[in-house]
């Protein structure tokens, strides 16, 4: 009922749910071993930025385009080609259709 | 072979239409290209249904010497073409109203400049 | 001629070639190979639908559902055009 | 004959007729008031959904069901239009009707502030009818007609916000692409008609010879429908239109895209099924072609999704990648036709259609909710929204895990089937697919961080949680995702495998028409 | 489109009923002679387009109104699908031609082979022709009317911007 | 015999008008060329023994399509830009 057979193995979500529950239990146990002198009213809630003062909220947030900046930078050549292909030109959309059709014609018609 | 000319005309119409869509830079030319492709397909359907020396499949005041069914052209492609013509005008109207809106916003009909959406 | 155009011309001509090929390979103009379905419609149209016009009987009886679709397409196009120009009318 | 049997007997016709009737009446009903109109549309959608589920229960237990329009019995050769409902058709119909019902519920609050809503709801119902017609029909020309209905109505809906130039541009691109695609489909239908003088899929599949013209028709059909389904490199219209349409429309657009995908399935496996089965055309050739395109689809979808900054556009590229997984499933199924892992791949591909519709749909609805609450789509300008929008962020986590194929969710179950079967064809393909899935997770972690996490921005201090109807629509999808994730066995055995079997056994499809007197 | 000169308007007013009658004839005789709902509808719609050209879109919009035409279109579509649904109730199948051979309205069966044509034949076909005719006239006219009005509006706007 | 020549001549004219429709820089002229193409197409339908379709094509293709095209051209721009 719960498991599916994939031909070379099986998948059972119930087992996975059990694993998750065990993981949460362990996490809870580890958490309860920690220090208990945290107070909300003291200076403890302030972030520690190597002694620098905290900026305002707007500037602290890591923006969407800043994430994976390195990924994009390292694959720059690939992305340049890819962005050039996504030209946004309506004629190009139909051109790609014709190109695929031509390749498919050759594959089917010749072979 | 000479009598395959209507079929070759169909192929030519489709090619001309595709040419207009791919190589012309004006949006209205794109629309006209699609209309031409559609005319080509309509002509193809009707040509498929033609029988040499046939008469239309209408019995009102039919000449007596028509052999049935061999002497009549095929009715199904004609029905399909009727549907296809109305579909064509519907698509055309919608496309042109979008073109009018595009001109209102972008101020141009050049395909190469109408690409705020890319990447 | 830009690079894009050259690229386009190559593939476009391949597609053109195949279209012309298929036009030459069609059955000879004016003599369709198979006509079973249409012959049956021509023979039975008067008896079954009572209409003299074979095309109308196909449009509204044998393939009436297509016609419903076609009417729907027109309806859709009208709804679309009116929807697109709804702001124009207010001003 | 009891009344329930009577309804089941006529349900294929009623499934199309009821949304159409509803669409024709909506302009008249909307004069009575907006609340009545919304209730009317939702009732029509629910009635359609009810009929689809009724028909589904019958098809899954008793096999293929046909409906002849206009006459009691079939003639030889088939002249009338035939609806032939088998496993895969009804499987797709369930997805479509579910999506359109949810879109109707979601639109209640989401579209409240805009004008032109009577036409909006009309087009919504027409689109539902179009998708259902494409999926249930057994006639080539009828398929074309419904394809056009779907594309015209969705084009008008994509350009709904006409004051924005981008929306109009997206609508124009979509209509050009779909008009050209549909015309080539019609051309292929005409080629087939000219040779065999038949329009019925079963009749054509029975007599197809695979001459040169049939090859041309095959290429035209697969390419045109592949373009409408968003196969790379013909996918470029997809992010445009998905990102510019209102979110409720995007939800149905996912269904419309998948209806085109169904078209590819139907043409490959049923219409040209005999050609592959007899070995006239090696299924390896077409299969590898589709596998390669599918891998390119996955890779380009994922890599383009990483660098997007528009929320909905990012999800749209992720949807392209997800489409690649389905194409990978059917590609492997074609390449390894007849082997057991080929069947498993097909199961996975079919199962992934359902999962993709739900997962991507949920993400689009979340994006729509955020747009509703903040009027913002740029990822760079958002942040800290989880504080004020608890439920939405919870739904986003569910959708994120599901779309990236994290284990307890439904996406994993179908992707696992695809991975394992692909591994037996070629390990490298499977590894690429798994890596892309991981990248997909990375993409959505980025979105989650930049939208929901982070400090509370002063601009969004008084953002409210979205209205109840939108939460209801998202909640229903999330619930279905979790349920399918927990009991994949039941779903695969009872719904997915019959659907995949009906693809493989194209002879059943033909012989059923023969048994009722056709061909 | 703005109004044309008086000569054009007069001629359009004279020609309009003739085209209208021809279109209605084509619709009504759809089951006997070439023609039918779509063709006749297209002819009548082109007559209406003539009116639009002669009198200008403002006048036509004010006189006829796109709302009213939309209602006509809905009614035509509704009749069409209702006839199909009646087939389900009387003939047990959706889209059944339940009137053919019923010796009721349009119920006669013509003589097989060539004949002179009898209006009272065709079953539901003439009714469907009328429903589709109404629908096509209203639909095509609404499309042209709305587009002409919008184009007129845009032209005026552009003139204001330049002037 | 005459009809057979017509089957050769009219398709050639149709293709010629469609080439005009594509190549003309003046969009209004292109619209007129489309109308001419539709009219010739309707004539071709008529000699292919399809009077039903011929009426529809003449009404829809030659009249309404052209009207819509001209309306759209009036609302936008008459000449194709040269860049």
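By letter and in written order, the chains are A, B, C, D, E and F; residue numbering begins at 1 in each of them.
As a working rule, a contact is a pair of C-beta atoms (placed from the backbone, for glycine too) under 8 Å apart; a residue touches a chain by one contact, two chains touch by 3 or more.
Here the structure is a predicted model, which means the values were calculated and not measured.
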Intersection of contact sets, chain C vs chain D, gives A, B, E
Set B-C beside A-B; more C-beta pairs touch across B-C
Taking each chain's centre as the mean of its CA atoms, the one lying farthest from the centre of chain E is chain A
With chain centres set to the mean of the C-alpha atoms, which chain is at the far end from chain B?
A
So how far apart, in whole Å, are chain A and chain F when each is placed at the average of its C-alpha atoms?
53
Indicate the whole-number Å distance between the mean C-alpha point of chain C and the mean C-alpha point of chain E.
21
Just how far, in Å, is the C-alpha centre of chain E from the one of chain A?
56
Between chain C and chain F, the Cα-mean centres are separated in Å by 17
Note: chain D residues in touch with at least two other chains are 20, 24, 27, 69-70, 141, 145, 148, 152, 155-156, 159, 162, 172-173, 176, 180, 194, 197, 199, 212, 216, 240, 304, 307
Shared interface positions of chain B, touching two or more other chains
3, 5-6, 8, 14, 18-19, 21-25, 27, 30, 47-50, 56, 58-60, 68, 74, 76, 78, 80, 82-83, 85-87, 89-91, 93-94, 96-101, 112, 114-117, 119
Numbers and ranges of chain F residues touching at least 2 other chains
7, 50-52, 56, 60, 64, 68, 71-72, 75
Which chains are in touch, pair by pair?
A-B, A-C, A-D, B-C, B-D, B-E, B-F, C-D, C-E, C-F, D-E, E-F
Under the stated contact criterion, what part of chain F meets chain B in this complex?
4, 7-8, 11-12, 14-15, 18-19, 21-22, 27, 30-31, 34, 37-38, 41, 44-45, 48-53, 56-57, 60-61, 64-65, 68-69, 71-73, 75-77, 80-81, 83
Please name which positions on chain F make contact with chain C in the complex.
7, 50, 52
Can you list the residues on chain B that touch chain F in the complex?
2-3, 5-6, 8-9, 12-13, 16-17, 19-20, 24-26, 28-29, 31-33, 35-36, 39, 42-43, 46-47, 49-50, 54-56, 58, 73, 78, 81-82, 85-86, 88-89, 92-93, 96-97, 99-100, 103, 108-110, 112
Contacts from chain C onto chain B in the complex sit at residues 5, 8, 12, 15-16, 19-20, 22-24, 26, 28-32, 35, 37-39, 41-43, 45-46, 52-55, 57-59, 62-63, 66-67, 69-70, 73-74, 76-77, 80-81, 84-85
Where on chain D is chain E touching in the complex?
10, 13-14, 17, 20-21, 24-25, 27-28, 67-72
